[in-house]
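Chain nomenclature is as follows: A, B, C, D and E, assigned in order of appearance, with residue numbering initiated at 1 for each chain independently.
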Amino acid sequence: AEPVIGLITKTETNPFFVKMKEGAQAEATKLGAKVMSAAGKTDGDNAGQVTAMENMIAAGAKTILITPSDSKAIVPAIKKAQAQGVMIIALDSPTEPANATDALFATDNYKAGVFIGQYAKAALNGKKPVIATLDLFPGHPVGAQRHNGFLQGYGLTSLDAKSNELAKPAEVVCMADSFGDRAKGQTGMENCLQKNPNINVVYTINEPAAAGAYNALKAAGKEKDVLIVSVDGGCAGIKDVGAGVIAATSQQYPLRMAAMGVAAGVEYAKTGKKVSGYTDTGVTLISAKAMKGVDSKDVKTGTDLCWGNK
Amino acid sequence: MNSFKDKLPPMGTLGPLIALVLACVFFASQSDRFLSTQNFSLILAQVMVVGVIAIGQTLIILTAGIDLSCGMVMALGGIVMTKFAVDYGLSTPVAMACGLAVTTLFGYLNGVLVTRIKLPPFIVTLGTLNIAFAITQLYSGSQTVTDIPAGMNWLGNTFSLGGATVSYGVVMMLGLYLFTWFALRETPAGRHVYAVGNSPEATRLTGIPTEKVLLGVYVLAGLCYGLAAMLGVARTGAGDPNAGQTENLDAITAVVLGGTSLFGGRGVILGTLVGALIVGVFRNGLTLMGVSSVYQILVTGILVILAVATDQLSRKGAR
Amino acid sequence: MNSFKDKLPPMGTLGPLIALVLACVFFASQSDRFLSTQNFSLILAQVMVVGVIAIGQTLIILTAGIDLSCGMVMALGGIVMTKFAVDYGLSTPVAMACGLAVTTLFGYLNGVLVTRIKLPPFIVTLGTLNIAFAITQLYSGSQTVTDIPAGMNWLGNTFSLGGATVSYGVVMMLGLYLFTWFALRETPAGRHVYAVGNSPEATRLTGIPTEKVLLGVYVLAGLCYGLAAMLGVARTGAGDPNAGQTENLDAITAVVLGGTSLFGGRGVILGTLVGALIVGVFRNGLTLMGVSSVYQILVTGILVILAVATDQLSRKGAR
Amino acid sequence: MSGTQHNIVMSAKGLVKRYGQVTALDGADFELRAGEILAVIGDNGAGKSSLIKCLSGATVPDEGMISLDGNPIYFKSPIDARRAGIETVYQDLAVAPAMSIAENLFLGREIRRPGFAGNVLRMLDKKRMLQESIERMNDLKVGIRSMTQAVETLSGGQRQCVAVSRAAAFAQHVVIMDEPTAALGVKEGNMVLELIRRVRDKGLPVVLISHNMPHVFEIADRIHVARLGKRAAVLNPKNISMSDTVAVMTGAMKPEDIPAECLA
Amino acid sequence: MSGTQHNIVMSAKGLVKRYGQVTALDGADFELRAGEILAVIGDNGAGKSSLIKCLSGATVPDEGMISLDGNPIYFKSPIDARRAGIETVYQDLAVAPAMSIAENLFLGREIRRPGFAGNVLRMLDKKRMLQESIERMNDLKVGIRSMTQAVETLSGGQRQCVAVSRAAAFAQHVVIMDEPTAALGVKEGNMVLELIRRVRDKGLPVVLISHNMPHVFEIADRIHVARLGKRAAVLNPKNISMSDTVAVMTGAMKPEDIPAECLA
């Protein structure tokens, strides 16, 4: 029988995870494996992921790829699965401790934040930053890592990569939750502009939120004066970079992660050899306008690569 | 045989209004940017989508039902109208009509399951919630639809009115509220909606076709979600497959904050508008105060209880 | 003055049971891995947390209330018990007692607001939902609590029973169901819960202290959420500040699938267990069939409606 | 009224209605003549309400058939009965408690404004409905102090008057009243009897369920005695005494022992 | 029963109860003597139910005071009244529709099993409650066909019997009945009157609200006439005719015109 590989993402709906599923599916078709997918109901739904893992093992999966919703809480379930001979690979973000999984194919969200922070600082060119942050929602580690990474990259007081809280130095005049959603990104930006019309840098958790923020800025006639930076590097997001909506974004590669994971799973099924260790699938800063002293790739490269097409 | 819930006095819009005014006074005292026509037009624009969803939700709750699917059906409508326009090149009005047709169809489906097979509305709409969500994700590939024709943004355009910028969408929302208020108060059909919610059996015995009334309400609610989708698309300039997820609970909250009883038959539609505004004012005011998001949630929790308690106590005083 | 909802026959557990059996037959025909004691013990373990929350939720819904805060209160309980043990080094039983105390206190708070100030349960628990969530996030710093004492995992430990591995937590859940079933059916207090939900005014006039009954129900529900927190902690081996978010709706779904009326006074607690199992079986069976996750949602939506329709039709047949 | 040939307006044969183990109707017959007041009496639980619920479409009988003007009819819901011009006062009154007196009186038969407002905007003529309600309630001499009260705040008797007026006002063909005077005072009860006579004089037959023997003997043209889910007998109040009637009703007198001249 | 000194069990002075613009009670007085059956009569809306709701703790009067055995009392809820041994049959019956007859009869006064099961497990003695319910209902000769029916499926009269039996069974001090025979048939109505007499013979005073004049004159020791929210007069049924009583009730005869020997 063809090897069964499980893929558990955080949610159904994030295009990032949809891409990941596509990558896994494509690789599986190529290698003759079967992929079953499941997800938590909401971001942060650890119990849902545990349930999915158990059910996949019951369905005969020998390798499970998981983007942990809760890096710590998932660990005991992973241990149980490994005890049944299942290889567990973390995708996108590590567990805590990272060695709880057999291997990790991931991106560094903190680093992604650092990149856009550095970019924003260079772009502002010494001007005093007045920052608004459109974050995910309370309690989400990725939201905290990107946010804190951004501030770190900008050289402001920040928290380390382990923290799940959002740093709030004086330069950040407004913080709003966007839920990674366009409409709520727009509402958040509108309220922030109301609070402080002098905002000149906007950090957004992802590109839909950035597009929403841009809408709000445009309605206020400020889209030219404000710098928006974001994270993800989805195809739509890169297009927005090209269109001048987003100044820079940190691109990540979900397709690549998933494909590598599936390949490892097939290998394990054939030879019984497990992969191990951390493979950084990389983060690339994409921007239409390069800044001195900050490494970035142009929009064309970004479009070609978007989420790891190649 | 009268039950306690039947004995509650009909809640007016006055209680919620007091709560809204108190909230505004509070935020005005905390932030000097709160009290400006500019800011109020902003809040109106922000509650426009939830506000229109909540009209449909109010109708359903007045009949002692509930619709959990409202937000997801709206999201599906938004995706359908934008994708039809962008992918198939349909003209804006046709594409919008298709979106409205889809949401209305979902309303019809809900209505048929509730009236014909007599399933509890909670379960029916929990089912269609999942169905609409899955279809939205599958059909859109979870991708936001952008580059929509300019016509679709029209409702988001604004005009100036005494210092405030008002969008056509807000005008449409207010118009829909007035229309629904009129229809519920002044027409036979509107009174039948109340009667069905108040005592379905008595209404049936009077010879009113209760099933038709119910079905009509679900269909109209579906239409409202379609109109809300138009507003959402116009506001964000895109078809967003992840829209509507928080609007679901927000809409029900607006209805209940507005004083409509979840047991049906009692409530005033304008209260729902006030309820939606309360939600919008909280979110706006707390951000203006610079309250960080976890604390915002905490404060929202406390304020929601306080708002309804004010209402309750004000009505006690009146009696 | 009898309303239609009063005329519905009391739903038994039979309808939901038929739906559950049909679902099992279906999945067994689709996947040869479904029908194994092993797999059933898995499903039981998976529904254990929702199952225990749903006990509290059933009590509240029987009184014509609803508790939106259940999942968040559970999450808070889990964080309190794990942090108290890990950070302050309290012994396992003491830390657990503290967690139970906190959730019970939240239940008490809900109950006081509902009975004393007479606020609608929907609003009260919407408020406490936000409050509990915010406190959980603030107190835990949004960090999962790990390295909990081994004693806290005890309920997650399993023993073998005729080929199936059963965890102590599952035994506890089943015990709680039997106990609640007994109490609701065979004791005066249990009958008073039904009476309050069925006709609060008549019950008050009989001289039953309806407010005390209500308050008691909310307090007990809080206790259930604390027990669910213990199970959740034992199952995942950690205190998770983001727990409970899906359990909220899942618990209400289990109650309604189990045949309890949202209008109060009618329902059987064992139906809730069946309802929770239906939810669990769907999730497990669909994964075993290899249905991909978006389609799972679609199918779940359809199956939920079918399950209740089966129930409805089976009861029509019986009449 | 008797002896001559009669037009039968409504009749039923062999009606059976079971609720689980309880058989509420066990082959009941029924006959209503044109322009008569037919009283239906019987012990509690004899099946009177069940019978008239079948006639008014509120429940569908398990067996048996119903005819209106000689044609068999199948009411699937009260809507069908209402279309056929049958109006009913139910024992549990069937009012919408949160709505006002006027709204309840006109529920399902609202008056719309004349002209554009009514035809196109479909606006209610609230003033006229209120006015008419006041007149109707005054007719019954029931002392309702505020006409905009919700029905749930009315006293038991007042609520009953609302239901009675509604049926009397809108009937086209047959009026059925299930214990319309049960909660009424002496004065109000008499007004309702008066109202029933007026309805009869308009030419509509009335079915009156009542436990009040003096009322029944005062007003009824014929008396249908229900017993154990069946029709025990139809009596002529002019030729039988009240106590004999009660004897038939309670089963103390067998139907076959009733003298022929007492039957109707 | 008259002329001698009387023990006043329960009394009220100047009770006022307003609902918005409606004044239901407008300074009503009340007096109940030991061991008597006091009938309360009046037009619909006269304030009878409002009066007894104040006496039973179901509503709190806006003004006025109530005494029990000479001591002023303040009932804040029906629980207080029940503790004082007062049992009430409400006009809208106050039953839990989805629950069975036995459950309704014993609601709030459940019988627990003897011994461990009852004292520690607090288990209900369902068998005994069912048994006793059957006996009670048989006492009233009401033909209930299945004792495990939910109360909502009972006929109007059957439901009333449930409420009446409950009050009669558990009263310790005073029994108040708001139109207990309104929905009852001739036979069942007489059984309830019989029951009321038995209660009185146990020494408990009974307040009986009724529109049924023959019943009132058959059973009452004194008649309290309510009119427009006040007490118009207290009559002695032995010395006044039914028609004069009705005249007082409807206002055709002024209270001051009543001959002294008719008063009680």
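Before moving on, here are some points about what is shown:
Here is the rule we use: a residue touches a chain if its C-beta (ideal position, glycine included) is under 8 Å from a C-beta of that chain, and two chains touch if they have at least 3 such contacts.
A quick map from chain label to UniProt name: B, C = ABC transporter permease; D, E = Sugar ABC transporter ATP-binding protein.
None of these values were measured; they are calculated from a predicted model.
Relative to the C-alpha centre of chain E, the farthest chain centre belongs to A.
With every chain reduced to the mean of its CA atoms, the largest distance from chain D is reached by A.
Centroids of chain B (ABC transporter permease) and chain D (each the mean of its C-alpha atoms) stand 44 Å apart.
Chain C (ABC transporter permease) has its Cα centroid 29 Å from the Cα centroid of chain B (ABC transporter permease). Chain centres here are Cα averages; for chain A and chain B (ABC transporter permease) they lie 32 Å apart. Between chain B (ABC transporter permease) and chain E the centroid-to-centroid distance comes to 49 Å (mean Cα coordinates, whole Å). Each of residues 20, 92-93, 95, 97 in chain E touches at least two other chains. Residues of chain A found to touch two or more other chains are 12, 138-139.
Residue numbers of chain C (ABC transporter permease) whose C-beta contacts span two or more other chains: 1-2, 6-7, 133-134, 137, 199, 201-202, 204, 294, 297. In the complex of the two chains, the chain E residues touching chain D come out as 19-23, 41-46, 48-49, 91-92, 142-146, 149, 153-158, 161, 179, 182-189, 211-213, 228, 246, 249-250. Those residues of chain B (ABC transporter permease) that touch chain A in the shared complex are 31, 33, 38-39, 42, 45-46, 49, 137, 141-144, 146, 158, 232, 235-238, 240-243, 245-246, 283-284, 287-288, 290, 292-294, 296-297. Residues of chain B (ABC transporter permease) touching chain D in their complex: 1-2, 6-7, 10, 186-189, 191-192, 194-195, 198-199, 201-209, 265-266. Here chain D touches chain B (ABC transporter permease) in the complex through residues 58, 77-79, 81-83, 88, 90, 92-99, 103, 107-108, 110, 112, 121-124, 126, 150, 152, going by the rule given at the top.
By the touch criterion given at the top, residues 9, 12, 21, 34, 36-42, 44-48, 50-52, 54-56, 58-60, 69-77, 96, 138-141, 144, 163-165 of chain A touch chain C (ABC transporter permease) in their complex.
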